[in-house]
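Here's the structure we're looking at; comments come further down.
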């Protein structure tokens, strides 16, 4: 039997998830597309042949003909709808962030633990990107020796939002980096520093962060939301014996006008299309088997990302290195020698 | 309703096609896996949840619960089974080559024309590879100016077959290059030259070919079946204004031991996984709509590949440039301004 | 008439300078090779056809048949011998550092100002490296827009010295990075942070630094003295409109054993051979014309490098961001719109 | 004592040679700059501090204050002036080609043999280029196994000469490729094929050649005098165990406007500056020691290049593979296990 999936949110992310369910997830059926904006829900549903549309997410989550839920509605709804899925006893893949508030993440964790079983995956899809998979492998198989540093660069062409601030770069853009570096290194953060250069205009300047891990490694992160030249994510994992760097994956090179050039994308969708597909296939297997995927992020990961982001904002404000003060990880979230264990 | 697909042949290629149908083709159902070796058919069918298995391909093609056929059995069966599909009035995707005999290709073309409709796609999946798509686009959109040359390199790690000859390199390996260069350039061949260097052992040496097109372009092709260092396909399309080259697509780079290195695959499957998926999705759309895909190869393309290969073998034997003597293309095989038109 | 140059110090650096003077500096003559170890001086002098050898550097500097001096003896001798050259009224190219003590640098600056003319060049040869020249040009010609960040990575295969510390990485290795980033950006430093990860052995771990400039830019520097995989210097200059990155300059690529690889050097000499040649040719022109070269480092640059290194050591010790507290630049050291002005 | 060198010809090539002698050849003195155009000779001589200028090359070659000669005057003068140098008993570095006529090359060879000593170096400077040096090394040290093929691409931005023909591409541009492939492989040519695509304008189209060597290897050469996009020389040496490819040597990469780009030069001078320097230093050593350099090209090499070019022109005219019919190499031109021996 096909797994009947409801997608909550029919914006850019929700429409992408719905398309993957409809076209790239044999064994799954796009049961409901739900959006507060009924017309938007209908538009996505019709294009993809969804069974039904709806406007009330909590009602959708409770429906008998819905086996599992993907939450891709606005960030503030992520935690409440994840809680609704817990109440309905249904597996949910919640887009990142679980919440921007570490406190609210703890509440969801509490509810999940009380529910007695893992039900919530967080959409940190970078973990499924082939580049990070190869990095992680080179670390696990001993090629690199002990990991010492990870350098991360996240660059967007521009931030259309005129109100976007350095604090928002840390809370909205950096969590992907916070999570994937934790995941690759298999560790937690101990402290974070942050600084910004000054731009000549009023757009948000890059934020550069330096983090220490509990295993005494260093992680540097640059988030540059107005890099102008292209969408570009880079990472390098430096070990005692060698280093693995991410390539910009391109298929052709153009020689013209005294230049040899490859292209950058203007946004993130092409870059991570395969990672989203892999992540959602892993979610489907989770729904089918009940076994939480070794690679997927869970609520603990969501909490860690939110907490380090909150701490990073204070570091940027104070200009001081700030300690990341985490609770102890509940045994409920232990992995058996998994990638981030 | 799902399209019910039978896959004929459960060897490496057939198993791959069956896997794509089962896992990557929403809207299709893996109905039958057929192989002369019943155990092999069962093994593939069970792993992928096929509905049925069989050992008689002609009977499978005629079955009422089979809507379309993928032929991936040994090369000599390709033309006969394509003819069987024509008789059954069913669309077929036939792995390359349609036949190694241009004469036999003409017979299939004759039958297809008499059947009154296009039913046969040939599995020249390179046309769907992103690198060639980008090359073709740079040519069509004027970036390159008039195309002058295309340089092609096909390298395998090794040829296990001790009996493999230069002639076989031309008939078995080069057709992918013959087809994709014709497709990118949108032209036919006029002549072919071929030569081989001498190896120090008894393995087959590379074959280097130079072809002239009917539009007065040059195509060079190196087929090196024992290149040792890796599976590596390269191509460069040179125009009057610039040039587009294929990249080796890799996700990471390893710095270790005084070297900065990327990896080659040891075989072709990773390299063309996405091209096969795209091709088979195009086949599914063809089955659903009846409209022959603009990108796909047809029997005319199969005939051209076989004829230039036959001519290339004579060129290698004689050491002389040999004219490629084609029939005129039947109007039946015209494309409406399509990529190879 | 040829300029007669004395090279003080016949170790690795001194022998390299002597070779450049003898073989790559038409218009210069290798007059004296001076080393406390007479045999070492003779060995270098004979191989290169020097006119004379000596063991007393101050006497050599005073000789009437010596027009100019290159100081490449141990670091502690740099300032005293530069002062000796000032007393002799002779131009000197002093290997970096002028001194590891900012205080001692100020003393040399004082003496040079009192001498009434610029006589001292500091051997920060990176400024002459083609990569940094191209970066600087892209910034000056407006290609990059306002500079926001510069990321710098300095990696050696290994540090043979078992006593080498993180503080020494800052005082001995990082000054090249401190200087060249100041030079490219045309600015000074305001603050520095520093941290180290933990290695699994007792070798010195990398030091990662983050510096703010007085123009509100960020400079990150990683100095990894035991990077294992190769000698590797990287830099990226990030502006508001784009970014320029340094390439690892290599002439060939080897495809073998499922790998496509370029080589790293095992030390710095090949990497900067051309920069040393350019620098020493600039020194020769300085001697010939009396005009201090626009690109060359002077005592002010030597002071800045020493001061930021001293501050960086305290930042590493305290774990705090430390202000770089510079004196105001004496007008004597002004440049006329030069590269670092 | 300095070697006093006369440079014959003060055009682009001659001026470059004169500059190298004046600025990059310690031990040499730029004695005479000679050109039929006295003003041009004076202009170059003054810029570089030459001792004297002249307009009569034969008289210059005979002067007592000239120890050695570099011939960089028009191609038709190369053989006559080389003969004049033989008569004067002086070593000469003659720019390529020795002559475009194989017959005239044989006459010079005859005269050189009768003179009893090697005196003539031919300016095939590619042999000194680091890329080819590394290729040759990878072949000689066994890394590549037996050499099977060498692929060569020579591309210029444009040919200003409206009368330039495919035959001229073979006789004027291809000889560098003919020579360096022979040199790297250490072999001679047995046959040559040639063809041209058709351009849309009246500029000379690329010429593609395929050559067989006497060791049963294949050499492909593309000469594209109107490649538009940049000056670009590529080569790949393919052996049984691996392959070495030439890199485009660049120092920086620019990320801007959705593109990551490196630059091509617009002409050959930057690309081969170091090769010319190395070659001329080797010539100086030859003058000083009398020992013919292992790497340098001699009259035999000049003859081979001329003969294969003449044969290539006939191959292009006839469309047939043409045998390269060489004389046996005179023992006078044997090398002792040298690179092309």
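For clarity, chains are labelled A, B, C and D in written order, and residue numbers in each chain start from 1.
Keep this in mind: contacts are C-beta pairs under 8 Å (C-beta built on N, C-alpha and C of every residue); 3 or more make two chains touch, one makes a residue touch a chain.
Chain labels with UniProt names: A, B, C, D = Myo-inositol 2-dehydrogenase.
Just so it is clear, the structure is predicted and the values come from calculations on it, not from any experiment.
Trainee: Just grab the chain with the largest centre-to-centre distance to chain C, centres being mean Cα coordinates.
Mentor: Taking each chain's C-alpha mean as its centre, the farthest from chain C is B.
Trainee: With chain centres defined as C-alpha means, what is the inter-centre distance between chain B and chain D in Å?
Mentor: Averaging C-alpha atoms per chain gives centres 43 Å apart.
Trainee: Once you find the CA centre of chain B and the CA centre of chain C, what distance in Å lies between them?
Mentor: That pair's centroid distance is 58 Å.
Trainee: Quick one: chain A and chain B, Cα centre-to-centre, how many Å?
Mentor: Result: the chain centres lie 38 Å from each other.
Trainee: Taking each residue of chain D in turn, which ones touch at least two of the other chains?
Mentor: Counting only residues that touch two or more other chains, chain D contributes 228-229, 241-243, 255-257, 262.
Trainee: What is the shape of the graph in which nodes denote protein chains and edges denote touching chain pairs (line, ring, star, complete, other)?
Mentor: Drawn as a graph, the chains make a fully connected set, so complete.
Trainee: Considering only the defined contacts, which chain D positions touch chain B in the complex?
Mentor: Residues 145-146, 148-149, 151, 193, 195-201, 205-206, 208, 210, 212, 215-218, 220, 222, 224, 226-229, 238, 240-243, 319-321.
Trainee: Sort out for me which residues of chain B touch chain A in the complex.
Mentor: The touching residues are 22-26, 129-131, 134-135, 138, 143-144, 241-247, 249-257, 262.
Trainee: Under the stated contact criterion, what part of chain B meets chain C in this complex?
Mentor: Those in contact with chain C are residues 157, 228-230, 232, 248, 255-266.
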